[in-house]
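Two complexes are shown next, each including chain A; its partner changes from chain B in the first to chain C in the second.
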Partner chain A sequence: MPIFSRISGLVHQIFFAALALLMAFPFYWMVTSALKTNDEIWRSPPTLWPEVPLWGNFAAAWNEAPFARYMGNSIFVAVSIVLLQSINSGMMAYALTHMKFRLKGVFAGVILFGYMVPATAVYLPGYLVLSELHLLNSYAGLILSNCVSIFSIFLIRQAFLQVSHELVEAGEVDGASHMRILWTILVPVTRSSFAVLALITFIDQYNNYFWPMLITKDPSLQLVSAGLRSFFVEGGAYGLKWPLIMAASAFTIAPLLLVFLLAQKTIMQSVNMTAGSSKG
Partner chain B sequence: MNVFKKVSAVSLIAGLSVLTACGGNAAPGNAATAGGAASEVPVANAAPAGGAPVTIEFWYGLGGKLGENMESLIQKFNASQQEVVVKGIVQGDYTETEQKLQAAIAAGQVPAVVLSSNIAWARKGYYAPMDELIAGQPDFNKEDFVQTFLNQGQVDGKQYFLPMYGSTQVMYYRKDAFAKSGIDASQIKTWEDLAAAAKKMTVSEGGKTTFYGWEPMWGSGNMIDAALSKGGSILSEDGTKVTIDSPEWIDTWEFFRKAIHEDKTMRIHSGGQGWEYWYKTIDDVMKGQAAGYTGSSGDQGDLDFSVVSAMEQPGWAGAGEGKPVAGASMAGIPAQAGDAEKQAAMKWLTYFTSSENTAFWSINTGYISVRQSALQDPAFVAFSESNPQIKIPLQQAAHASAPFQDPTGGKINDALKIAADKVQIENIPAAEALKEAQQTAQAALDKLK
Partner chain C sequence: MTRSKLISGLRPVLFTLPAMIPFAVFWLAPLLYVLYLSFTEWDFMSPEKTFVGWENYTDLLSNPAFYKALRVTVLFCLGSVLPVILLGLGLALIMNKKLKGSALYQVLLFSPWVTPTVAVSIVWSWIYQPEAGLANAVLNFFGLDSIGWLQDPKWALTGVLLVTIWKSVGWAMIFYLVALRNVPSDLLEAGELDGASPVQKFLRITWPLISPTTLFLFVVQLVSALQAYDQINVLTQGGPSGSTRTLLYLYYQSAFESFQIGEASSVAVVLVLICMLLSVLSFGISKRTTHYQ
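Presenting the complex of A and B:
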């Protein structure tokens, strides 16, 4: 029996290792392709490691377009959105879960109704609103138009629902204001959900293409997604210079990988955290 | 209590929707007046002679060398006079330009001129008719334009769009491959000649072709060109019947299917990201894996003419010279732009389409100039002496077919595209693919009545 379970454990591990390799392979392929020549990328059978790694491709791609500017824009906009969304989602979710007021159910219903409207249907009305507010073609427009997310509100609402109401009541008995209860009791207990929110929102916003493209026209406001596309069209000469395109793609996703590495621990622990909160 | 809750929920949601709907309706009206007010400012500025220049936005979706050439012409225009400053705004491509224009029109904040054209939008009044503006330009000389290009910009008898440059599909071939097999390009007058030449040049090892005699470009374009050259038409003369299953069409498309799938003397690169298939086809020719390909006149900027040469598309034995499509990329002036902006926009378009500049554009990009007088432009004459390929698209445009205006808004073109994929990729007999396409297209056409 122990032998059997050991073998099945081994099989499991091999299976998951293979799965992990499969997931990682496109990234590996992207990075190694960035080091090859165009001919080597298209060679059949493919080479797993470039014959002569051309590290200069990264520098060449970086210098062909203002990628520092693009990435700076994207990171600034995405981080601002993450902060704003964390604050307003926390407040909204608190109202929905631990406050008592009339028409609370209706309020939740209206928010949920908003979730059902497809994003493409609000592009034009959203554009008109921004235009009236004179926020087109500005950082403020890019940030404000994305600063409320119903998905984020519901994510935090689910987390707050896991926290027993007694915890909030205890705070009220001690005379804490709603704000104090929210930021010093609820948020620390559910911080893993906020980490998930931050990660998902950051990735979403970093990858966002159509909406930012629609509301900006100044090249210096271009986000990395639009910048990468411009590079594909111009510097990459419509897909002729694949090594440079691969190099550019590789360094543009680097911030995403970095964010994931940093937040990984918190996310993995998220299950325990929510369980722990109701124990206390 | 529960019922009360439900009722109030429904009414609240209904109320919200009404509110948002009102907002949606109100916004364009307000924005339009705001736009109007904004545009009056430049009028006031422009009126006194020597006042502040009118700054206008020009949206275009061109990248790479095309984009660079556009940028240099804009700068030249801005330096050449003091009344108008053109601010070029680069878009991702033609499609994105149109998407952004749609939002801009809704918000009432339009650019003064845009490299985009849409006949349906012109009919709805989103574009301004240009006839009066053109009349205001003393040295415009409409008659000098390549008339097929100019006609393309007319909607219900009015000029709504101006051609900025034209394009047509021509043949590019490797000089060394032709010489090796003793083929004289000037003797290739028909597709039959080309097929024979391709057969002669094709090299295969063990049943696998290693050097292709020709590479048509993926898609329906090339094969439509060839079918038109054979005397085929897409619609019957009265416009009621789709005629893409006529013998001319079937014979033409079957000719390509046989060359690709049976003789294996031709090859099609398909799929991939964006223009990948296009550049893979060019790559094959430049790297000596194919004798030639059918591509855009605009490819000339990317090709090395010490290796390749250009020739016109051939006709068919017994059907005369080729009649491939030549079309223009056109620019329009959105109707919501202010009067001073419209006039400034027309000044820029007049400058861009002047004999000298359309010749400059043609020399640098390979696209076709929109004026006949470009042929006499000194720079063009000098350039074409050492680069004879530049004249090929213009010569072909002289006996070209006008681009097909799809009355169904794209359904007939779609049917042709699907049929082309079947023939080029899936090796389905042309008769079968085209009959099916004809039925789909005819059904779409009948629906209009």
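Presenting the complex of A and C:
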């Protein structure tokens, strides 16, 4: 029996190693293609590792389009949205869980309804609304139009529901205001939920493409996905610059892989929480 | 009413405003606006919107392009949601046993989900490249003929689906792993004592207990399949000959490429209705069939 289980363990190992390699292979292909010459990248059958790795391709791609600007835009917009969503989700969730008011049911219903409406379906009228507000082509438009997330509200509401009422009542007895109770009692206790909100929202917003592309025509306002896509279309759909395009994809992806590696635990934990909040 | 009472009555409203104002401006107003636009004819430029009643809807229902997009949408949903759920569950079941290095495998399998769809789709478009792409090199290696992955209407949807599945399968696996770890081991041991086979144990104990996760993944994946845009935009732009044009893509093209605002709005309303119907259905199903611990 031990031999059998050892063999089955080995089979598992090999299976998963092969699978993980297969899944990660597009990333490997991206990086190695970024190091090739144009001739080599077109060679058939393809080479697994470039003859002479051209590390300079990364610098060349970085300088060919304003990628520093694109990535700066993405990070700035994503961080601003994270901050705004944390504030309004915290306040909304507090009202829904710890306050009594008449419209509560209506608000909760409206938000549940919003959950069912796909955001992409209202992009056209959303575009018209932004244009009426003169927010097209502006950071304010990019940030404000994404500053509420129903997922975030659900996530925080779920966390607040699990905080014991005694903690909040103790605060009330001490005469603390609602704001004080929210920011000095509830938020610290539920900080792991806020960390999840921050991570998931940052990833989503950094990766956001369709909506930001629609509402910004000014290249200096483009986020990194749209910038990469225009570099792809202008620079080399005809195979002139594939190595540079692969290099550009690589440094677009890099910050996220880095965030992911540093925050794996929180992200994996988020799975637990989102699965939990979906029950709510 | 006294002043202090008024203030304390208003306070909850003040707490909800930071979320409710943007929600109303950027979600509710557009939703009502798109409904209104779907009853008009407008080209984006002219100052006048002409009210045309149900015309956009009757036009849509008699337009073959609509049915083709509907068909592609259904295929896209089935072709992405079912494999993601089944593969995710299968992987989680295997990985749930004690395995050395499983943390590393999880990170590797999960990483596609974190990365921008546009960037990975560009990488895939290079892999799918007909002459020098990796996908055809692999096929040729096994003695198979090359495929026009994104150029052949027969294969383009498959090409887009593979990227979509690749991106989400690790994500689904992580959800299932968490769910499997929450299945109480004494239940499984009791099943074992009663002489249940592994298959029976899975069907009678594990599967019912992880059903909330299945439902959750199903709904989330379905809604994101209905909204898929980025990978279609990069890989095929709805082509060749409409073989990857989903309802959402049709909506985008008629709104922002041919400026048929009324027609586009009616597609959007249909899309919203489909999503709401699916959500309501899944809530209903979840009440009946899922087991919460």
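Worth pointing out:
Heads up, the rule we're going with is that the second predicted complex is superposed on the first by the 217 of 280 C-alpha atoms of A that agree within 3 Å, B and C clash if a C-alpha of one lies under 4 Å from a C-alpha of the other, contacts with A are read in each partner's own complex, and residues count from 1 in each chain.
One rule holds in what follows: a residue touches a chain if its C-beta (ideal position, glycine included) is under 8 Å from a C-beta of that chain, and two chains touch if they have at least 3 such contacts.
These numbers come from a predicted model, not from an experiment.
Legend: residue contacts after superposition of the two complexes on their common chain; A:78 is shown touching neither chain B nor chain C. With both structures placed on the common chain, the touch criterion links A:214 to chain B and to chain C. By the touch criterion defined above, A:268 lies against chain C but remains apart from chain B after alignment on the C-alpha atoms of chain A. When the shared chain is aligned, no partner comes close enough to touch A:186: not chain B, not chain C. In the superposed pair of complexes, A:125 makes contact with chain B and with chain C alike. In the superposition on chain A, the chain among chain B and chain C reaching more residues of chain A is C.
Residue contacts after overlaying the shared chain place A:153 against chain C, while chain B stays out of touching range. By the touch criterion stated above, A:230 is placed in contact with chain B alone, chain C being left untouched. Contacts of A:110 after superposition: both chain B and chain C are touched. Comparing which residues of chain A touch chain B with which touch chain C, the overlap comprises 103, 110, 123-125, 128-129, 214, 226, 229, 232, 239. Looking at the complex, you find that chain C touches chain A at residues 9, 11-13, 15-16, 18-20, 22-23, 25-31, 33-34, 37, 91, 94-95, 97, 99-102, 104-112, 114-120, 122-124, 126-127, 129, 131-132, 134, 137, 140-141, 166, 169-170, 174-175, 178-179, 212-213, 216, 220, 223, 226-227, 229-230, 233-234, 248, 251-252, 255-256, 261, 264-265, 268-269, 271-272, 275-276, 279-280, 292. Residue ranges of chain A in contact with chain B, taken from their complex: 103, 105-106, 109-110, 113, 123-125, 127-129, 131-132, 136, 213-214, 217, 219, 226, 229-230, 232-234, 237-240.
Note for the complex: chain A touches chain C at residues 9, 12-13, 15-17, 19-20, 23-24, 26-27, 29-30, 33, 41-46, 87-89, 91-92, 94-96, 99-101, 103-104, 107, 110-111, 114-126, 128-129, 133, 144-145, 147-148, 153, 178, 203, 206-207, 209-210, 214, 224-226, 228-229, 232, 239, 242, 245-246, 249, 252-253, 256-257, 259-261, 264, 267-268, 271-272, 275, 278-279. By the touch rule above, chain B contacts chain A in their complex via residues 5, 8-9, 12-13, 16, 20, 23-24, 27-28, 30-31, 59, 63-64, 67, 89-90, 92-93, 96, 99-100, 102-103, 106-109, 272-276, 278-279, 283.
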